[in-house]
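In the two complexes below, chain A is the common chain; its partner is chain B in one and chain C in the other.
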Partner chain A sequence: MTDRPLGGLDAVERGPLPSESGATSSFVSIEGESDHPSVAALRARFGSAIQRHRVSAGDQTVVWIDAAKSLEILTWLKDDPGQKYDMMSDVTGVDYGNGRPVEVVYQMFSTTHKRELRLRCPLPLDALEIDSVAGLWHSANWLEREVYDLFGVTFKGHPDLRRILMPQDYAEGHPLRKDFPLRGRFSRAEQTRRALAQDVERFYGAQELVEGGEPQQVFARPARDSGAEG
Partner chain B sequence: MGLGDLLPGGGTQKSEGGLGMFGASSPTFLTTKIDFVINWGRRNSLWPMPFGTACCAIEMMAAAASNFDLARFGMERMSFSPRQADVLICAGRVPYKLAPVLRRIWDQMPQPKWCVSMGACASSGGVFDVYSMVQGIDTIVPVDVYVPGCPPRPEGLIYGLMMIQEKIREESLSRHFEHRAEDPALVAQAKANETEIVGLTGPFGNSTLQEKRSDGAALSPDE
Partner chain C sequence: MATRTVELEVGRNPEMGIDGRPAQSPLRPFDVPEPDFGTEEMLINIGPQHPATHGVLRLICELDGETVMSVTPDIGYLHSSFEKLGEYRTWNQIVPLTDRMDYLAPLIYNCAYVMSVEKLMGIEVTERCKVVRVICMELDRIFGHLLWLGTTAIDVGAFTPFLYAFQQRERIYGLHESLTGARITTSATRVGGMMADLPVGWLNSLLGFLDTFPNTLHEIDRLLTGNQIHIGRTQGVGAISAAEAINYGLTGPNLRATGVDYDVRKDRPYYDYETYDFEVPVGEHGDCYDRYLCRMEEMRQSVQILHQAMARLPGGPINVQDTNVSLPSKTDCMSDMESMIHHFKLITDGIPAPEGDCYLAIEGSKGELGMYVVAEEGGTKPVRWRVRPPSFVNLSTIAKLAEGHLVSDLIMINASLDIVLGEIDR
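Let's turn to the complex of A and B:
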């Protein structure tokens, strides 16, 4: 494999990598030095918890880290004077399918040092759990809810981990997972019945829109749905 | 002197004829004229309830703006309150999460009411043949006119509304209730039954075929 990032039409000409190859990722990994100052600092401080890194899309440095140490690493990246990644632009997820790990992606920006950094935490499908960073960046609160909703990743320590896009009592699983059928798991008739059976006021309460308003305490899931969650 | 005195053979003194105050010669004359007057009033003062959820709503706004000027047809006032509206214009895609909202808005509109399904997504789900999208709002509410297009041009919406006006012209008070009455027990229920929904929402065109039970039974996520 080449050690330089694919640019231009190279990736198009090469075509997609076979999805059944079983590789943990189709990305080229670079084990050498990086221009990005945070990569060397991360390797110096956390050693083997930093798996590999690469440069993506020209100038975006991506670092793969151990999910078990993610909270420690992210806390350090936010608080260390040499890093100061004080803005969490995005938390998202990727499911590569074929039993490969789901990756949680953190996109950060340091307004002090004017640097960007992307972290990726691979999570095996049978242990989709990672520490929440909602306590570090408030912006991560809803973003982690979105990842939980669509990928089923549980964020430990999240203050309010419930679905954010799909209906609260959605029982078909987590739609962006590769094993999720395009049209959902239920028939259209069943989906329509369930949709119309929603209690609309339950999800669109006015008191939640008031500043400082408490979330409604009505989201305790009925017992009949608790087992159907994917 | 009442209205009956102006009508041929009409007058209260003829009421012993058994056909009411206007005599045997024209039993339907008055109802026809009342139908005409009422339908004339209704079709020229339709107040739309805009339910715009996507790009079709932009075309709906254009239809209401000065170039196309929906006000020419008596639709001066876009009614953002369902209780003061006659026509529900569903412009755009409707996800399942929004389905009960659409249904409730329809239930809140007073009779007589009509519904325009504007655009491919509202009419059939369009390209969004996916887990989250209602495959045609006619599974949720009764639709009078479908406006095709992605999105339809303002002329298309205006033509659809003129078809609603034509439909109103044909309506009659004597047949109104059997045509338009809705069972109060069906409030907040799906418009179509399960067989109809499965039939209406099946994959079509070049949709990706997928394994899916269509008998209404729920698949468990492990299956």
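Let's turn to the complex of A and C:
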């Protein structure tokens, strides 16, 4: 993604690129029955929207779902009496690099049934958007903002989709993406120049608090990705 | 599960003291009509550098007089992208990054990270290692709670508990130092074991700490629990209902103060926590005072767990006896060709992981601490290393908790959530 010539440090900055073997080929797709009661229920109810599932790390059930139906599936998992996943522990993203889809990961826990479940939702790089679940779980509000900030995934319907850890005017992109160099896109000189050119007063005004506003246009994102529904 | 409701014989009315005797509350005058001043809304920044924000946190408050209309936390001042750095390091090289997140309870983070990696790789650590890690984690639960106790007390104007608490913390610093060589940046764990076994005499030092610490805790308890100023500042402040707390993702003492008995040690036990005899304190009202009571009781329960763990500490090796995971001893390296090769391979290549992902949650001092690691087949570095930060999620509720309260209550609410900015910003 960089347009400057590759230098000696770029190998360091690029870091460990994943193997060329595509992620999908190495995944074992288990179509059979699972011990986890939610998997069978999900398959029965949503059919083809449940892409595959597997057991990871010994006893953890992971289900891959279609992004188009994610909100419907998550709403059902929260409200159905047999599921009742009332606690959204974590929302995060995984980027495997090499142009493979970015995956949004939902880690849920049911305080009623004392069960955990992990959903993963692959998003192709040219359509990094998914429905927000901040309306279902308040805890998802900040967690989705973090995924937006660090991975560039747009959450449709999020009430307040702003950057959260990086500065609001950060122009170098989304740091946890694999195409983001470890030391940033800009040179140290450029980073220093921008830091010195900042208007400090601006950071202590009220204008950055406008909630539900248009998310900012960020660097290295196609124009059609801009704009979440407020 | 065994729980204990931490309601004491303290009246819930501000004018009622211990045993129901009326006490003069200096804070809330009664039956005084609110004077009608003309007020206008204003925007106040608390922080980023302010002692009451407990770190580099900026709270943007919209105030009407002294009433908080809305709070917007602004975080990220300490962001150093540990998770990105982790993708460039081998599994064991990430351990030092973990204690720099929660520098108030570093050993819990060290343990949680390696536990998740071991689960991903299917490594079962030795019995001795399990008990040693339980000791580390419970010791640091006390360590983290003591800092919270001291700084929260100082936020409501009580200076003595701060000094008492930090005196006790200093003793745990000493234990850290003799165990790991560092006071804060412990980095005590390795995949498959610990950096080193317990030093000679360390358990005696720990026992010495455990013998006298409850007395100090009792003294602090006497200073705060029935204290009218403390009660007036905390009861009914920042309350949240149980259902809302779950929906907002609160965990740890903050959630248990609302009456939900969710504790990862009981609900998803790890390291044989189900065999330890301890109770989970739960509150009733979900306000700052109940959070205080829960944490005080948790420290006492941690002392109980530490005593039990020391009694059952088995002998044997502390690291797994697998040359592909644990480093061989220096003597073996220098005298045995095989050991030297393993040592070389482990240092240069690292430990290969199977393809997959693993989310492991433990009960940290702040709440549910989850470590999520994703690996590709044979990967010696993570594709993704994610920390589910309890303070981050807990802090996101502050806008809800503080709305309609006074600015001074906002300071108390912020303190009672027990946040650590190093982990929020990562």
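In this section, the second predicted complex is superposed on the first by the 173 of 230 C-alpha atoms of A that agree within 3 Å, B and C clash if a C-alpha of one lies under 4 Å from a C-alpha of the other, contacts with A are read in each partner's own complex, and residues count from 1 in each chain.
Heads up, the rule we're going with is that contacts are C-beta pairs under 8 Å (C-beta built on N, C-alpha and C of every residue); 3 or more make two chains touch, one makes a residue touch a chain.
In this text the structure is predicted, and so the values were computed from the model without any measurement.
S.K.: See if chain A has more residues touched by chain B or by chain C, and give me that chain.
M.R.: Ranking chain B and chain C by residues of chain A touched puts C first.
S.K.: Tell me the contact category for A:His138 with respect to chain B and chain C: first, second, both or neither.
M.R.: Touch partner of A:His138: chain C, not chain B.
S.K.: With both complexes superposed on chain A, which partner does A:Ser56 reach: first (chain B), second (chain C), both or neither?
M.R.: Touch partner of A:Ser56: chain C, not chain B.
S.K.: Thinking of the overlay built on chain A, is A:Glu172 touched by chain B (first), by chain C (second), by both, or by neither?
M.R.: first
S.K.: For A:Gln191, decide between first (touching chain B), second (touching chain C), both and neither.
M.R.: first
S.K.: Which of the two partners, first being chain B and second being chain C, lies in contact with A:Thr111: first, second, both, or neither?
M.R.: In the superposition, A:Thr111 contacts chain C only.
S.K.: Looking at the overlay, does A:Leu182 come into contact with chain B only (first), chain C only (second), both, or neither?
M.R.: both
S.K.: A:Asp95 in the overlay: touching chain B, chain C, both, or neither? Say first, second, both or neither.
M.R.: second
S.K.: Name the residues of chain A shared by its contacts with chain B and its contacts with chain C.
M.R.: Common to the two interfaces on chain A: residues 166-167, 175, 180, 182.
S.K.: Of all residues in chain C, which touch chain A in the complex?
M.R.: Contacts found on chain C: 43, 45, 60, 72, 75-76, 79, 81, 83-85, 87-88, 119-120, 122, 244, 246-249, 260, 262, 267-268, 355-361, 368, 370, 372, 374, 376-377, 381, 383-384, 386, 388, 392-393, 396-397, 400, 425-426.
S.K.: Would you tell me which residues of chain A are touching chain C in their complex?
M.R.: Touch residues, chain A against chain C: 15-16, 18-19, 23, 26-27, 54, 56-58, 60, 62, 86-90, 92-97, 105, 107, 111, 114, 116, 118, 137-139, 141-143, 146, 150, 163-167, 175-176, 180, 182, 204, 206, 209.
S.K.: Looking at the complex, which residues from chain B come into contact with chain A?
M.R.: 96-97, 99-101, 103-104, 129-132, 134-135, 139-140, 188-190, 194-195, 197-198, 200-201, 203, 208, 210-221, 223
S.K.: Touching residues of chain A toward chain B in the complex: what are they?
M.R.: For chain A paired with chain B, touching residues are 166-167, 171-173, 175, 180-198, 200, 203, 228-230.
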